[in-house]
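In what follows, structures are represented as structure tokens.
Two complexes follow with subunit A in common, the first pairing it with subunit B and the second with subunit C.
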Partner chain A sequence: MKCRKCAGKAVINMRQHQLALCRDHFLEWIPAQIQRTIDKYQMFQSIERILVAVSGGKDSLSLWDILGQLGYHCDGLYIGLGIDGGIQYSEESQRCVQEFASQRNLTLHVVDIQEDYGETIMAMAERSTRGREKPCAVCGVAKRHIMNRVAREGGYNVLVTGHNLDDEAASLFGNTMNWIPDSLVRQWPVLEANHPGLARKAKPFCRLYEREIAAYALLRGIRYIYNECPYVEGSKSIYYKELLNILEEKRPGAKLSFYLSFLQAKENGLFSPSADPDFEELHPCPTCDQPTSAPGQCAFCRMVLHLV
Partner chain B sequence: MKCRKCAGKAVINMRQHQLALCRDHFLEWIPAQIQRTIDKYQMFQSIERILVAVSGGKDSLSLWDILGQLGYHCDGLYIGLGIDGGIQYSEESQRCVQEFASQRNLTLHVVDIQEDYGETIMAMAERSTRGREKPCAVCGVAKRHIMNRVAREGGYNVLVTGHNLDDEAASLFGNTMNWIPDSLVRQWPVLEANHPGLARKAKPFCRLYEREIAAYALLRGIRYIYNECPYVEGSKSIYYKELLNILEEKRPGAKLSFYLSFLQAKENGLFSPSADPDFEELHPCPTCDQPTSAPGQCAFCRMVLHLV
Partner chain C sequence: MTVILTLRDKEYEAKSGMTLHDSLIMINIQPESVLAIRDNEIITDDEVLLEDQVIRLIAVVSGG
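Our next item is the complex of A and B:
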């Protein structure tokens, strides 16, 4: 297969765009796509200070790489969760992130949950769910809390994450299979900081397939952790991804069209403004001062203070 | 497995309801469920005149049977489409419908498209799509037109169809995968006659799984056409049904929950009133007088008058 732009040897064929590209044109095309996404959804501007949440996987490290190439000033945030799962997951992922940052002379914040809060995610999850459930819900609460805390304390304008199209489509699929109004109304490539204590959040990879990012990371020689978190297996999001892959296989572009037609319908006013959870009353958590809708302490502080 | 109500031998286990029933209790349970659906969505009342669209399949004949048992006055409408497909589909389905009606002394209207409009559906489709597409779109336009015409001419209050949960969930799935606002806003178990020339439409089977109806038809000894329309094969709706079956297999009740949570979210005001296609301007077709949003003649008249 030949590159559409130079007729050289193509390294990737993106069937949904009917676009095959060679190495050089692909490595040019990806950052240009990301710039378009940033602009279209008004995610951030080049004068703003950006915090990238990096896990050590291909998505977040590629994102940090691309944002740098595009001239944005980005610092990184790595959260040490203390997950081993037989593959030294946290240890190995931290090594990848630190290597990436030091090679490029980038600023990296590291928060170690055990050091800062006395327990690993695993220990918190074990305690609060009595071992009945996977740690994913607890992990999500902790990550959201810490990302927001570091963004505020560091005076960052925006927090960006490496969620890709496969992630966003799977999340939308789950929200749609159960018609969860709050989640449907809230899902968007950028979430404004609609409350003084909350950071703006953006997902510049939301229109990029996972396989495109994997190809990018490979071609750029980015060293990342290949293993996914050991607790991902058997999760609903993996299941939804598999189903969407069946759809994509049958009709290339199905995933992208599912996600983009959702964004379009939303922009055209499909959802009622009164269904918008922004109207939800938030108050500062008496312990950490982050906004929460929970009565009393926020979910994270309740966990850390052993109230659950 | 034992019947939940009498501990006799169960003939069906409905995993999504965790309910196994014997023959007699199942044959009691189904009509009671339908009555609840009719009442919940205020589909029609017993004093109203009801027209049931019957295709000769298990769904529509079972519906006619159940509505009769529940004491509703229903006449039938059979539309002869002139589809053969190597299995004499139309001929055989008409035989099933006529046998059903005559055995029970019920009134049946038969509209033969070739007799009334000079061409079979196949011929119309062949002409208007130049053989490039399946006849399903043309067939849909024709059936909607004729059902509405007979309902109006016969002074019926409501037109009911045998769409079951599998049909409704597949249709919702398609509308969701492409986020088609009009279709999402319109889909509901009953559609009010919001325009003088349109009949109210209701789908009393919308909460019943296809396999439950198949079991009902079998146990009631209803003779129906086993073959589906030969053009259904390879259609998108079949494809969506297969995907939903994967979900259902993994989580019994997934299909029902997908559809019911959609209805619930809608009732709670998820969609914006301004996205409601009822605001669409309709005018009477200058040829047939049925309301249409098309400029000039309605889609059916354009087809019959060879304007497409």
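Our next item is the complex of A and C:
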């Protein structure tokens, strides 16, 4: 297969775009696409301070790499969850992140949950109602809390994450299958800081397929953690991704169309913000001051204080 | 006349002379879920796989 731009040997065929590219043109194309996404959704500007949440995986490290290439000033945040699973998962992922940051002379904040809050994610999950079966729900609450906290305390204008098109399509699929109106209202490439305690959040990879990001990371020589989190087995989002990939195989572009059509429908007014029951009902948590819709303390503080 | 495809710690066999795409479908791996490496280069799924070649598949799906 030949590169559309130079007729050289293609390394990737992006059927959703009817576009095959060689290594060099692909490595030019990806950052250009990300810049278009940043501009289209007015995510952030180069004068702003950006905090990138990095896990050691291909998406977040590739994102940090691309934003640097595009001239954005980005610091990283790694959250040590204390997950071992027999493969030293957290240790290895932290190593990948630190190596990446050190090679590029980038600032990296590391928050270790056990050091800061006295327990690993697994320990919190075992005694928490929320995490009785799997730690994922506990993990999600903790990561969102810490990301917001570090972004605010560090004076960052925006927090960015490596969520890609496959993540967004799977999330949209799940929210639609289970008809979760508040999640559908909130799903968008950028979430403005609509409360004093919230950081603006953006997903520059939201229109990029996971496969393209993996190719980018490999071609750039980015060393990322290849093993999945040991608790990912049975995950609904992975299952939804598999279903969507089956659809994509038969209908190239189906995932992209699904997500972009949703965004278009929202721009046309399909989901009113008032459909979100938490809309305009946030108040500062009395313990950590972060916004919460729960009565009294936020979910994270209640978890840490052993109240759930 | 076989080709070996590896994914994580598993090995799969496919018939030589088939394209990568058809080989993946035959061994029940979704083409969208992997990248394929042959001789340290990423290959597109129209590539014909030849006898005794070893193709390393990289899983691209992550998260949870």
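Note that in this section the second predicted complex is superposed on the first by the 299 of 308 C-alpha atoms of A that agree within 3 Å, B and C clash if a C-alpha of one lies under 4 Å from a C-alpha of the other, contacts with A are read in each partner's own complex, and residues count from 1 in each chain.
Here, a contact is a pair of C-beta atoms (placed from the backbone, for glycine too) under 8 Å apart; a residue touches a chain by one contact, two chains touch by 3 or more.
It should be emphasised that the depicted structure is a prediction, and the values quoted were computed from it without experimental measurement.
**Q** In the superposed arrangement, does A:N178 touch subunit B (first), subunit C (second), both or neither?
**A** In the superposition, A:N178 touches subunit B alone.
**Q** A:F262 in the overlay: touching subunit B, subunit C, both, or neither? Say first, second, both or neither.
**A** first
**Q** For A:I246, using the defined touch cut-off, is the partner it touches subunit B, subunit C, both, or neither? Pick first, second, both or neither.
**A** A:I246 contacts both subunit B and subunit C.
**Q** I'd like to know which partner A:E210 touches here: subunit B for first, subunit C for second, both or neither.
**A** So A:E210 only meets subunit C here.
**Q** For A:D166, is the partner it touches subunit B (first), subunit C (second), both, or none of the two (neither)?
**A** second
**Q** When both complexes are superposed, which of subunit B and subunit C contacts more residues belonging to subunit A?
**A** C
**Q** Could you give the residue numbers on subunit A that contact subunit B in one complex and subunit C in the other?
**A** In subunit A, residues 246 are touched by subunit B and also by subunit C.
**Q** What does subunit B use to touch subunit A in their complex?
**A** Of all residues in subunit B, those touching subunit A are 176-181, 184-185, 239, 243, 246-247, 250, 254, 257-258, 261-262, 264-265, 268-275.
**Q** Provide the residue numbers of subunit A that touch subunit C in the complex, in ascending order.
**A** 1, 10-13, 20, 57-59, 136, 166-167, 170, 209-211, 213-215, 218-219, 226, 228-229, 231-232, 235, 237-238, 241-242, 245-246, 248-249
**Q** Subunit A touches which residues of subunit C in the complex?
**A** Listed in rising order, the residues of subunit C that touch subunit A are 30-35, 37, 41-47, 58-64.
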